[in-house]
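Quick heads-up: structures coming right below.
Consider the two complexes below, in which chain A is the common component and chain B and chain C are the respective partners.
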Partner chain A sequence: MAATTTAVPATGAAALARSVVKHRAFGKLLLLAVVAAVLIPVVNARWASGTWPEALTVDVSDPLTKTSDWIIDNRDSHPLFLYFFGHVSNAVVLSVRAVYVVLLAAGWAGVTAAAALIAWRVAGVRLAIGTGVAFLVSGLLNMWVPAMQTLALMVVAVLASVVLGALLGLAAGLSDRTYRALRPVLDTMQVLPAFSYLLPVVLIFGIGVPAAVIATVVYAAPPMARLTALGLRGADGGVMEAVASMGTTARQRLLTARLPLARKELLLGLNQTIMMALSMAVIASLVGAGGLGDRVYQALASVDVGAALAASIPIVLLAIVLDRVTGAAGERLGDSGSSASSAKSGLVWWGCVAVGAVAVALAGRFTDRLNWPQGWVVNIAEPVNRAVDWMTAHLYSGVPYVGGTADWAGHFTTWVLDPVRDGLQGLPWWSVLLIVATLAWLIGTWRTALTAVLAMAAIGALGVWKPSLDTLSQVLAAVAVTLVVGFAIGAVAARSERLERLLRPVLDVFQTMPQFVYLIPVVALFGVGRAPAVAAAVVYALPAVIRITTQGLRQVSPAAMESSRSLGATNWQQLRQVQLPLARPALLLAVNQGVVLVLAVVIIGGLVGGGALGYDVVFGLAQGDLATGLVAGAAIVCLGLMLDRVTQPTERRTRKGA
Partner chain B sequence: MRRKMLSAVAGVSSLLVLTGCGAADMTKQASPFAGVAGSKTVTLSVQSWVGAQANVAVAQYLLEHELGYRVDTVQVDEVPAWDALSQGRIDAILEDWGHPDQEARYVKDKKTITPGGDLGVTGHIGWFVPTYFAKQHPDVTNWKNLNKYADQFRTAESGGKGQLLDGSPSYVTNDKALVANLNLDYQVVFAGSEAAQITQIRQFAKEKKPFLTYWYKPQWLFEKVPMTEVKLPAYKEGCDADPEKVACAYPHTPLQKYLNSDFARGGGKAAAFLKNFKWTLEDQNAVSLMIADQKLTPEEAAKKWVGSHESTWKAWLPK
Partner chain C sequence: MTTTSTASSSSPSSSSSASASSSSSGGVGKAGSPVFAVDGLWKVFGPKAERIPGDSALTDLGPAELRARTGCTAAVRDVGFEVRKGEVFVVMGLSGSGKSTLVRCLTRLIEPTAGTISIDGEDVRAMDKARLRELRRHRASMVFQHFGLLPHRSVLDNIAYGLEIQGVGKAERRKKATEFVAKVGLEGMEQRKPGQLSGGQQQRVGLARALAVDPEVLLFDEPFSALDPLIRRDMQEEVIRLHREEGRTMVFITHDLNEALRLGDRIALMRDGRIVQLGTPEEIVGSPADDYVREFVRDVPREQVMTVRKAMRAASGDEADRGPAVAPDTTVSEAIEAVARTGSPARVVDEGRCLGVVDSQALLGVVAGTGRPADGTGGPADAVPDADGDAVPDADAESRDARSAGEGVA
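Let's turn to the complex of A and B:
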């Protein structure tokens, strides 16, 4: 991965910029070398050991275990639990129940009609049909009731996340100080693996729906907050000046200018929040959330990929439909001006939608068709299982010439994963810090370099140096594979509209498919170990990388393409010398996203034999061991922070350099 | 300034609303998906392995069809299930493999959990090799000879050593200590989940490859992949007291049921039924196999079993 990040600048940038960058980079390197020359002998003399020195670790397991014991002993009687958490928990149960009862009372016909009508109103006919089909498929797969449980939970979680996120975003958008204080918190929450905060939440709320909803809110609120703040802060200075000169109060300015100007970001925030919340649907089932996730999880216990898939399809469809509908609503908002007459006709339309939905619901009620009819069920589990069996039986090993997937996995482990892991673990600890500092400083500022080094040092201090480097080696390998494959596919898709159209639904499915579903096929193909963990990570991170690459290459200005063509450049030359350099910011973003996404599935890797930090988090959750789980979770966050700083060019640089 | 005042007032008043209406006891809370008020509901914990699903499926079927209860199931790992049982989120655990720490805390100290008697099935954890391999190399079934075979059990993941496949992090295991204390040339590889472990075992078995795995009885997989146990140094009471120094086999554990104390006292017929629930290894395996291998839903499997074993379950119904 280091190779790709350094190779890109070498080919890119105009000659002038390049010499400036080189000059600055050289200065940074020189300074680092001087610092290293002074510090390393000292450090080495004091703590001479390959791995992180024992003396520099802080033992956090004792206080964590004590906290956990205190909560268990007091949660049934302490006022904090009786008067605060208890009420939060009750409020969640009441609201989820209310939504659930409404959904059940509307019956399958009513719910489908209501969803389709809303989609039609905000996003047009095609998406309305898609929405209706998504709901009907849930019924066909015999997943109606679990789907409604998940939906009820999601509605409450998304509403809570949006309110919480919008409030935080409002505070951060209006005050610089709050913004500076909130940003690192939001950054951290984005890389914190969902699994690791299931544990404290369960400890406080016990298993069940409240814990699931609260974990989902914690996970899904940050994008809303971030985008709200972004939208409010990005308000056009000229407009704000004009509004202010009309003598408006602060509140008027907020309501009439800032918020309407930020509506695109607000809708994007809503969209992101919904997607994040849905991606928690399965993970939340680990703490007894019920619904579709629970079906997936139970199917896993009997190694039944087909049944797991049947429960996942509604999640995938729901996610795609919600994504498209909120996206389309955002675009419409951008287009249409809001005049008084359209607002009035809008009200009428909404009235029609409500009447239509209620009518269908009542019709369902009177014909006694509230529950999904048992006869209309399609069993897909069996054919799917047969297909998976066939695939794994024929691809696992002994394929002529190329060898089976198990052989590839073996070679990959022996020739890539082992050397990288042993290499990282064999490096003296201070040299790891030095490498991190160098990489982060070259691409960013001294601040980002400092953050990266501190994050890495925190891992050592927490006493999980070795497993973290093991995880890091897996992450690096997965990112490398993802980038090679992703850039290749992205480059091809950028040239062919048709391929891109074909790819789009596939990418959608892989991006929203609960990772638990491909756990079994991945093991069946690659055996237990780190190789399947890498494979799972690649599957998860690939769609985003392909998307960003395609978009980045597409956005290269047609004029530049045309002029290079007229100079007689071949396709390959065009790609290498025009498109790639010009799309550099997008490609760097792809690297960054690839890293973040790969890190997000480290824990799924723990479930297929990846070991290291992912396994520790799962272990912590399974054994109720707060110390192990939280420390490993914190180490994953630190790894994420470090990798993010090492791969993300900071603003200062992009403005001056490229 | 005004905004700050406003938000402060809003914050304080919302806190007041939350706290003003008295204590909220989370242990008295029902699931939002529970049935309508008035119907009698029992919540059972399902653990991730199929044997546990079989217990729950049959108990659920009988509670619903013979005693008129509504049954909710919640899937959680073992240790969190104890917490949930103590809090009353679930009413019963039907199969527990022995958790001394939790037992001391909740049964003896806090008295929020009451033992519900034997399940009737005895559980045993051990190290297993596939029977096809044990037949070719009969001496592999003694731990003393394991080092001789380390080469054959090697995989890419175990590096230069033999691979001992371990499973889900929620299961009881001393394997790392065992490998160290018995001086075995093996590397413990954690599959991370039972699904991954079973999938891997099946792939090995399809190719008749040798493997060594941590596994447990009763388990339906034995019917699909016959496995033979490797003898470890005999288990003696207390030989596994210090987790670092364990050098003996795993015990045979009579699996236990546990009930929430309030439910045990006031649970009426359901509690009495769950206390009586007791079946055999063959019964459990029959149901497990229907679920895991024939891919019946737990409910269908339970229905089938109940249809053909009337004399067994009639005895569980409270008079």
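Let's turn to the complex of A and C:
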């Protein structure tokens, strides 16, 4: 094209114009420009203001306060609460308590033995040792009781999530109509930050274990439902046809073919549900979950990094163990060798596991060692705090040449976060909507653009325009850093086998950790404020972006790479002209995932001084001011929706970052 | 069928089986009523498909026009045929000709749009769900191109699957499945998973699974297309062997002409959803119905398909008394050998009667494809009962393996 233009300027320009008009993106832009040209003068004349105009906000805090008051007043008398939520709440409390009592009765030895034996049975010796170590470390760190509280809550929440998710997934997998209705809901729930689930649950159940469990179930059930539906729908058509050709009934088809064929997806769903449940069970400490999350939360509130670390190590170990064991179980199921004899021997094995666990538990009971012996506790809080103090004294600022971590954080805040925030807040409100519409439409369809604009408008209407833009500025800064670093590392890892091998276990670990945990090291390094929130978000989102980028670049067809090499392309030319264009869908997905993950943590950053919407939620919970919290929660939902839609490539993948 | 089985006790021949047709045209082909009778069958995909078959303005349109006019695709157009008991009925055509859709219509895996299908005289399209299940469970089993095995089950349990569906007890179905493991030559692999088997082995499992329910008809949907050529050949021989041993009726879909000629007693050649020619391999190769079929069979080694029956002329002079004797269904290539060895025309002898002679001229004509158009029965020389009836070369017997249906079916 360029050559044509220089050679014959006139015809070249004409051709350029033609080709541009034909291009879809240009048509969209043209249409948007026309719409904007018509609407903006009108809008600007009526509601000229930089921030969202007062006239267009709806005051929801009054009705919300009234609703919340009404619920609090009627929680013990209204039939809806008496006969439905009351029973749900009681059932949750009872079952969590029952599991907790069983765990305590088994004693630390019994629980550790049972966990290790189960891990050994489904995942092999190495993971069994890992599991045992994880539990013992929890005890060593004096976190046995909180760990059991978290575990009890998890067990109940995971069971409920799996049952609920599997039922929904079954319905969606077998009925097209249900699937069409359910899919957008599940897709959307997948991208919402965990924080936004807390408030509505608290509104109904009040602060306490039931709210925590219900929030966890609502957060963790969607992946199970999604993957169940996907697995059932994705059954090999050839096999299903063959099975039908043998005269099976619908029931037989489901039980003998469709469900077994979907077993990989079912196990992946179980794995994701467990991981999300753990993540949420920790965050749900804000609404009364107790356990490990609560310890972290309390420690963070008083910036006691040592105590937070002591509580978060068991969380991380638990997460890794749960992920690896369920993952390994899935793989084993995928390619198990013999089946005929294994059913019977499997029972025998499980019997042995049960007997072994019970024996250890009884031994513990008779030797009167139910509780973790106090003599075996290692107190890491103090040394860690000393280390942090040392860091504060020596690394925070004034390190020659490089400055200090606090200096960096400060610079990042003043030079990046503040300008972006002020810029966003200084933009006329309609231009923000216009930018959102343009981006969403260019990347996606008019539907996604419309959803995004409506979501953004809803934020304005809720009256939280300013804090939302504050949050947005943090998200944008974090996403920019994440993408630059992530794409760079991803591109290098895609070229170097060795680097990828080195990175893989690190990424695996980072991807399994609950969001909450990321706050602790950044607080230690950067203190509190918006910069640490952004840093935590970057660290949380980076592994997924690196992984998707690497996979996307690697999956570029070897034939295309080979042919470009045979034409004598340099490495750089290959990357720019072959790999990047072909990996475009993967890169877009990486952007999308990066945005979603960053948002989740930026919101949680409200706990460590991130301010904005996250702080509103925390404040609402802490002060019992549900109206503020609910509005902020709704704004988070809208922001999440908007960010997802703006970056949504046409097709989605199933799994977060994998 | 039993007659054929006994007649073909000698060892199977791999190379010449394509040429085979029924051993004694009079004796076997009569085998009674059709298993499947299909008439006026249509399968149209697309919006309001049911209006197409009845509308004569639309039925005459070509595929592209039909698509443009109605948005519909007629995969099967007004197809009718009968599958006789014990025969191997091959439906062959290129991809997109509608053959796979056709075979799925037989057990209503795909619901036909119009027409009638009956199995043993019973209307398939009128069956309710339970009856249809019964049909699929006991009367017609299918073998698929991509096997359709359950990946989470062992070979044994895959083979027993059909029995399990029927509610057969575990011990019994395992025992039965074990028999079929042996029958398809998979001994020692009972506990493997399909993913651990090669393509050919997987298809043996598919075949055993279909056989294990002892169906009246076996339906094959391009079963060997996904296999390597050598394994494909093995599997074809396996099917020929099974057919010879059990005499089961088979409907065999393929896009491979050589496979069709090797296996088929009769072949229906499909194009754009219609059957363009239906006949024995010899008829298809010897007298193509139109240019499409002619083009299709152009490269077929004619001498291995055509029999001397089609090439012979009336004996003149003393030809009826000398020269090597061959049976009417000897292939031309075998006759060439006989003629070349003796240097004189060969007599075509059936049950002691000399039907005619073939000389090198006629045989070369067949090979070159310039021979006179076959006129079916040929001009039999006036029957001269001849004592030389025994001289029919034994070699012929081996090529009569799996053929049962008679000849000369239009």
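Assume the second predicted complex is superposed on the first by the 530 of 658 C-alpha atoms of A that agree within 3 Å, B and C clash if a C-alpha of one lies under 4 Å from a C-alpha of the other, contacts with A are read in each partner's own complex, and residues count from 1 in each chain.
Just so it is clear, contacts are C-beta pairs under 8 Å (C-beta built on N, C-alpha and C of every residue); 3 or more make two chains touch, one makes a residue touch a chain.
Since we're looking at a predicted model, the values are computed, not measured.
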With the two complexes superposed on chain A, say which partner A:Pro428 touches: chain B (first), chain C (second), both, or neither.
neither
When the two structures are overlaid on chain A, which partner does A:Pro585 contact: first (chain B), second (chain C), both, or neither?
neither
Which partner does A:Tyr100 contact after superposing on A: first (chain B), second (chain C), both, neither?
first
Look at A:Asp418 in the shared chain and tell me whether it touches chain B only, chain C only, both, or neither; answer first, second, both or neither.
first
Pick one for A:Ala257: touches chain B only (first), chain C only (second), both, or neither.
second
First (chain B), second (chain C), both or neither touched by A:Phe205
first
Classify the contacts of A:Glu241 with the two partner chains as first (chain B alone), second (chain C alone), both, or neither.
second
Please name the chain, chain B or chain C, that touches the greater number of residues in chain A.
B
Contacts of chain A common to chain B and chain C in the A-superposed view none
Under the definition above, what is the set of chain A residues touching chain B in their complex?
72, 75-76, 79, 81-91, 93-94, 96-97, 100, 149, 152, 202-203, 205-210, 250-251, 285-288, 290, 294, 297-298, 300-304, 306-307, 381-382, 385, 392-393, 396-397, 406, 409-411, 413-414, 418, 519-520, 523-524, 527-532, 605-611, 614-615, 618-619, 621-624
Considering the complex alone, what residue numbers of chain C touch chain A?
107, 109, 132-138, 141-142, 144-154, 156-157, 161-162, 164-166, 190-191, 193, 195, 206, 209, 213
Residue ranges of chain B in contact with chain A within the complex:
3, 18-19, 21, 23-27, 29-33, 46, 48-50, 53, 74-81, 83-84, 87, 89-90, 105, 155-157, 159, 165, 168-170, 189-200, 202-203, 206-207, 291-292, 295
Chain A contacts chain C in the complex at 236, 238-239, 241-249, 252, 256-257, 260-261, 263, 335-341
